[in-house]
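Both complexes shown next keep chain A, but they swap its partner, so chain B is in the first and chain C is in the second.
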Partner chain A sequence: MTRLRYVYAVCRPFDAALQAQLTGVAGDPPRMLNHRGLVAVVSHVPEGDFAEAPLRQHLEDLDWLTGTARAHQGVIDALTAVTTPLPLRLGTVFRDDSGVRVMMEAREEAFRRTLDRLAGRVEWGVKVYAENEPSEPSEPVEQPADRPASGRDYLRRRRMQTRAHENMWEQAEEFAGRLHATLSDYAEDARLHAPQNSALSGTSGQNVLNAAYLVPRGHSEEFVEVVDRTKDDVPGMRVELTGPWAAYSFVEEVENVGDTGERT
Partner chain B sequence: MSMASRMPEPYGQNGGANLADILERVLDKGVVIAGDIRINLLDIELLTVKLRLIVASVDKAKEMGIDWWETDPALSSGARRDELARENAELRERLARLEPELESGRSSGRTHAEKEGE
Partner chain C sequence: MTVVERREIALVDLLDRLLAGGVVVTGDITLRIADVDLVRIDLNALISSVNAQVPSPWES
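For the complex of A and B:
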């Protein structure tokens, strides 16, 4: 069966070995494809799963997507431990090695520039959750019994509820804003991402800050300490730290320079 | 991957990362390259319907600044929409009930406020 080339990342050549048992997407261990002083990290994947039609179908399957996303991230993680990879978006697939080489040549300059910019940096994710809904008299789901008096009461209750919500958001906004300002001072760069939906992330509380910070490896410990220190500042606010990630959120220069026009 | 020598231990291997953290990075961040296999992730129904809830575009997040949660539709989760829909239905029902009362109040020469004050 024909094997396609799934590309995880581009990086500079490195000496360290990756984990021996590391399996990439479709169970194929990542391989290094050297070309003109850069390395593309690729897996061989079956055409039956990664050609356009089957890939499109697979992406609709949350289990398949989850497995593939974790495998992709696993390889990026392993690379991050030994070098500074430029992570490519999930599902970047070429017909053969020469297709990968052509792509690397076309983007060589931008790759080098971004690799220089990000060298030795990692990304830390910080999320703030507002843990508690404001305490308020729980609004009864319309009882026929309270009908006559409730028109005005109803509106009054709605107003109070809205105000309590606004207070909570104000407090959350202030805390998140302050934390973001502090962390931005420690980081070289920062990105704000859209808040996550709690139902899908499986966490409690309302996500009010979802940010990424670009931090030199050497300063990471300090950065983590700053996050830890602010954690318990305000009751009802939960701070979550993830990382170190490859600098996923800070690669965009490459997208703007010499992109072939396809913007997903 | 052990990075104990260089990185703070508890956070190694993205221990605290949930699936949404991983998906928002591998699907929405990272270098976009049109490979030989052309897949526009936004065309995928699942991604637009489900994952758009957790993953909004970088550009939009940038525009939004620090007070995005007040305006971001990504915040209006299913639960919130349900709440709005329920509230809407409630209000409509209430209105439907009040209107006849208002009518009868008018026809007997009283205002609704007087009636409610009883």
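For the complex of A and C:
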């Protein structure tokens, strides 16, 4: 069967060996494709699974997506341990090696610029959750004692609930905004992701901040300490830290007018 | 509290990065070169179809 090329990342050549047990996407250990002083990290994957139509179908399958995403991340993680990879988006597939080479040539300059910009940096993810108030039952359980005596009673209760809810949101947003400002000061760059849906993440509380921070490797410990210090500031708020990640959220180039190579 | 105890990364965190981040090599010159045949597909449809089932907490 024809094997396609699944590309994880582009990086500069590196000497260190990747961990021997590393299995990539579709169980194919990652291989290095050197071209013009850059390296594409690729796996050979079956056409039956990775051509456009089957890939599209597979991506609808959460189990398949999970396995593939974890395999992809495993390779990026291993690369991050030895170099600064420029991760490509999940599901980047080419017909053959020469297709990969053509892509590398077409994007060579941008790859080099971005690799220079990201060299020695990692990404940290920080999320803030507002815990649901314990007074708010998740399901409306109607108990006789709880039933409002009158319409007015009901409305008053609703107003109080609404107000408590608004206060919680205000507090959550203020806390998240403050934390984001503090962390942005420590980081070289920051990106805001859309808040995660609690039904998808399976975690408690509502996600009010979902941010990524670009931090030099050498400053990571300091950054983690800052997160650590801030996180118990306000009751009812939960802060979660993930990382270090490859700089997934910072690969986009901010267009330089005139392309002078200057960056502010 | 302990930091970086993240052996099992949550799938949503992974997808935030793998589906929304990373270099997108599509829609550029490589697509116009006939013998390259880039197969990468757009995953926006997937993300929105997943999200449609569980509306954002902001919209309620």
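Quick note on the criterion: the second predicted complex is superposed on the first by the 236 of 264 C-alpha atoms of A that agree within 3 Å, B and C clash if a C-alpha of one lies under 4 Å from a C-alpha of the other, contacts with A are read in each partner's own complex, and residues count from 1 in each chain.
As a convention for this text, contacts are C-beta pairs under 8 Å (C-beta built on N, C-alpha and C of every residue); 3 or more make two chains touch, one makes a residue touch a chain.
What you are looking at is a predicted structure, and each value in this text was computed from that prediction instead of being measured.
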Q) If chain A is used to align the two complexes, do chain B and chain C fit next to each other or clash? A) clash
Q. Which holds for A:164: it touches chain B only (first), chain C only (second), both, or neither?
A. neither
Q) Now for A:119: first (chain B), second (chain C), both, or neither, which partner does it touch? A) neither
Q) Thinking of the overlay built on chain A, is A:173 touched by chain B (first), by chain C (second), by both, or by neither? A) first
Q: Applying the touch criterion given at the start, work out whether A:152 contacts chain B, chain C, both or neither, answering first, second, both or neither.
A: first
Q: Based on the superposed arrangement, let me know which partner A:217 touches: chain B (first), chain C (second), both, or neither?
A: first
Q: Scan A:72 for contacts with chain B and chain C and give back first, second, both or neither.
A: both
Q) Of the two partner chains, chain B (first) and chain C (second), which one does A:231 touch, if any: first, second, both, or neither? A) second
Q: Return first, second, both or neither, reflecting whether A:87 touches chain B, chain C, both chains, or no partner chain.
A: both
**Q.** Those residues of chain A which chain B touches in one complex and chain C touches in the other
**A.** 4, 7, 10, 50-52, 55-56, 59-60, 65-66, 69-70, 72-73, 86-95, 99, 103, 107, 114, 125, 193-203, 224, 241-243, 245, 248-249, 251
Q) Given the complex with chain B, which residues does chain A contribute to the contact? A) 4, 7, 10, 19, 50-52, 55-56, 59-62, 65-66, 69-70, 72-73, 76-78, 80-81, 86-95, 99, 103, 107, 114, 122, 125, 141-142, 147-152, 154, 169, 172-173, 176-177, 180, 191-203, 208, 217, 220-221, 224, 240-245, 248-249, 251-252, 254-255, 259-264
Q. Any idea which chain A residues touch chain C in the complex?
A. 4, 7, 10, 50-52, 55-56, 59-60, 65-66, 69-70, 72-73, 86-95, 98-99, 102-103, 106-107, 114, 123, 125, 193-203, 206-207, 210, 212, 224, 227-228, 231-232, 241-243, 245, 248-249, 251
Q. Okay, in this complex, where on chain B does chain A touch?
A. 1-3, 6-8, 11-14, 16-47, 50-51, 53-56, 58, 60-62, 64-70, 72, 74-75, 77-79, 86, 90, 93-94, 97-98, 116
**Q.** Sites on chain C touched by chain A in the complex
**A.** 1, 3-4, 6, 9-25, 28-30, 33, 35-41, 43, 46, 49-51, 54, 56-58
